[in-house]
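Should a chain be cited, it is by its letter among A, B, C and D, assigned in written order, with residues numbered from 1 in that chain.
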Amino acid sequence: MASNKETIARRAALELHDGMYVNLGIGLPTLIANFMPRDVYVVLQTENGALHLGPRPDPGCEDVDRANAGNDPITLLPGGSYFDSMTSFCMIRGGHLDATFLGCFQVDGEGSIASYMIPGARLAGMGGAMDLVVGAKHVFILTEHVAKDGTSKLMKRCTFPLTAADQVDVIITERSVFRRDKGQPFVLTEVATGYSLDDIAACTDMAYTVADDVKLEAFGR
Amino acid sequence: MASNKETIARRAALELHDGMYVNLGIGLPTLIANFMPRDVYVVLQTENGALHLGPRPDPGCEDVDRANAGNDPITLLPGGSYFDSMTSFCMIRGGHLDATFLGCFQVDGEGSIASYMIPGARLAGMGGAMDLVVGAKHVFILTEHVAKDGTSKLMKRCTFPLTAADQVDVIITERSVFRRDKGQPFVLTEVATGYSLDDIAACTDMAYTVADDVKLEAFGR
Amino acid sequence: MRQNKVTPLEEALSYLESGMTIAVGGFIGQGDPLTLIDGMKRIRHLKDLTLIANDAGYRERGLVELVRRGMVRKMITSHVGTTPYIAEAMNSGALEVELNPQGTLVERCRCGGGGLGGVLTPVGVGTEVENGKQKIEVDGQVYLLETALHADVAIVRAHKGDWRGNLMYRGTSRNHNTVMATCADHVIAEVENLYCMGELDAEAIQTQGIYIDTVVRSDLLYAVERPVEPAHYTDLPIKEV
Amino acid sequence: MRQNKVTPLEEALSYLESGMTIAVGGFIGQGDPLTLIDGMKRIRHLKDLTLIANDAGYRERGLVELVRRGMVRKMITSHVGTTPYIAEAMNSGALEVELNPQGTLVERCRCGGGGLGGVLTPVGVGTEVENGKQKIEVDGQVYLLETALHADVAIVRAHKGDWRGNLMYRGTSRNHNTVMATCADHVIAEVENLYCMGELDAEAIQTQGIYIDTVVRSDLLYAVERPVEPAHYTDLPIKEV
């Protein structure tokens, strides 16, 4: 059985369509690249300054000056390019990316996320996440549905400092997919194999509605 | 006998010192390049995107993609570079140029100049002049001392729309050199051969003081 | 988006509509997208355009040709001294001209392309440029708030381009082309030389393909046309596209 | 300005003084100016520095080494998650950290280098980033006014450089180096490979020599040091320069 992270990444990869320019955040979102359909042509960006990332280089062929924002070694595909941070963040903020996929600590029913610090526990910094969430045309949040202590990560309102308010379009967990239009509440559109509508309700704190055509057993395992 | 323009350009060239980065405006200031001392190392910039201009190319060797802001063909010296307008105007506004030499329609005792339009008569546009005058560390204005109708071009206050207010450091005419510190009135520091202090007073409308060590017969002819 | 963005000229220009705002790269002939401008000249029904461009070209060549044909309502520009007809059109009331300091025009377009609302610049303080603009003081210095410019379409010219719209320029023809390529919903690039994917050096690309929607081949004649001695204005028979 | 800006490391670093604000290029090891940082580690009397940098390096390598030595009072940065010691120093009160969204940090430095007072960005609206900042509405959208950052000194690393300070970078090591090279009174560049005047392609230069005051040769070992597997932190004997 696949891990939760693999299930999420595999489902997220289905959101990629031909011709999209996409930034994959550090961590879980990076896994999406492993599940991209071969016949779908997607251009990956990394905010530290490269476009059109290819597969990870072969072991021993990593290059010190070719890495992504998570410091993982990269290759470029033909048609790729390197650029500086001024160019990269104009690209990001200016709406030139079709989508960004990001992880988070918390996401809430108002489309806000918290991902850069846990007060008293962890200081990471927002890096490029705030720019990505505000600038990309579509914002996908990838997260496990519940935290290790069993509480829902899909909250009424985030309690940690926000990365951005009212910017999330889609939430993908190992149990479900939620979508919304800006300013509107989330709509449950898919439930993963092994979960019922009641199961989702029980582990989801944020308010949401259920789509008329909600898909059960939509993905997973 | 040299023309007024040649006299002005020749005197202006003496303001160039080793290691300066300089922008020469269209028209009269461009002539300065002809009189740059051979042993002085100066880097010339053009705002349409090149640094380290060399001599004009030989006839027949002009290149369509190598020209200055006045559309005159250029060459680059070793160490030169081409760049875009975003880079060029950050360079200009950010105080990275040591000096700009510009012509004008009017200059006044408050250090303001008018150079981009004559209401009802001529519309040119400021192009890069406003950025250059605000951004360069030192602003040199090159102008004939009197207009064709005999009125002084060194006025009490400019009457045409201003290119910038209170930015001029030095005025060089075929008859004189004036200098000032920002916010202060101009000081007459040099008088050209063939003119007396009274001559200068007679053809100068702007208020100024005379330097204790004003140099007579300082340049010209 | 297609993987190969190369498109015939007339198909590329069919995107244009009357009333659009069009950002244009180039500097008095250096890097002006003349193939695209000449193509526009032939679209008889195109009018009420707003142009965002540093200038209107050189003498009678370049954007001034669109103005002469009555296709342009307004120019947002920095310098029109190289095209005497513009002042004439303005004085006759046929054309509205909004003058910006060149660096300000660049920053406003960069804001439009880079998701910024505006910038604070000291340039223009104490001049007519400040009319109608908000003044903001930071650390005791007064700045003008200059707001973003965004266009419906941008047209630019590059020396080299690949199928995906990666562009490289040549000499001083780079100028405003890089920023104009970022600030529009739809960007058409004409390229003098077309390359296959991967032929351009990834380190040397100056406009990334992400910004470009359509690539058109330049008429190579223009690449050697001397802007310092521009072709005489000839009012070619206008053919509707 | 000298025609040949190449300078021995210790002479170049003698410009630094306690209390200065120093802008630093690089991104978690990619393009970090490690030769200059290592040189700074040895200047025992240097302290109370304010650093402007995207991050503090990677694990125990990079700017975090200056923080460990108690030389740094404040960091203006965007991400310190790759250097756990920074949070420790912050919690102990030894270090002040000001977090900026990365794109905002870039724009603030670009303003400082480009003579702009600030920019309006939508990034950070509705978050703690907006605290203490002016909000400005343009065309119905709310922006934060983010003001310029300017440093006393900047240190950057490039792959190639010439005597005059023209620089070219390699791959993703370009990142913040280009903008940091513009936003300081005095800029020191370390270059992995040094070239004579005219050897670098005029079209391909990414930082123009006008921005650079001093060129230092990189320790070539750093050019192949893997940031993905950084050297273990070793507290080398400190030698006063």
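One rule holds for everything that comes next: a contact is a pair of C-beta atoms (placed from the backbone, for glycine too) under 8 Å apart; a residue touches a chain by one contact, two chains touch by 3 or more.
Since we're looking at a predicted model, the values are computed, not measured.
Chains that count as touching both subunit B and subunit C, per the definition above, are D.
Distance between chain centres (mean CA atoms), subunit A to subunit C: 36 Å. Centre-to-centre separation of subunit A and subunit B, using mean CA positions: 56 Å. Within subunit A, residues 82-83, 89, 92-93, 134-135 each touch two or more of the remaining chains.
Counting only residues that touch two or more partner chains, subunit C has 107, 110, 115-116, 121-122, 169-171, 203. Listed by chain label, the pairs that touch are A-C, A-D, B-C, B-D, C-D. On the side of subunit A, the complex with subunit D involves touching residues 46-50, 62-69, 71-74, 82-86, 88-89, 92-93, 112, 116, 122-131, 134-135, 161-166. Put simply, subunit D touches subunit B in their complex at residues 1-3, 110, 112-116, 162-164, 166, 182, 197-198, 202-203, 205, 208-211.
Of all residues in subunit D, those touching subunit A in their complex are 27-31, 54-55, 58, 77-82, 86-87, 90, 97, 99, 101-104, 106-107, 110, 121-129, 159, 169-179, 206, 223-228. Those residues of subunit A that touch subunit C in the shared complex are 18-21, 41, 43, 45, 51, 76-83, 87, 89-97, 134-135. Residue ranges on subunit D touching subunit C, taken from their complex, read 107, 111, 115-122, 134, 136, 138-139, 141, 143, 145, 147-148, 168-171, 203-204.
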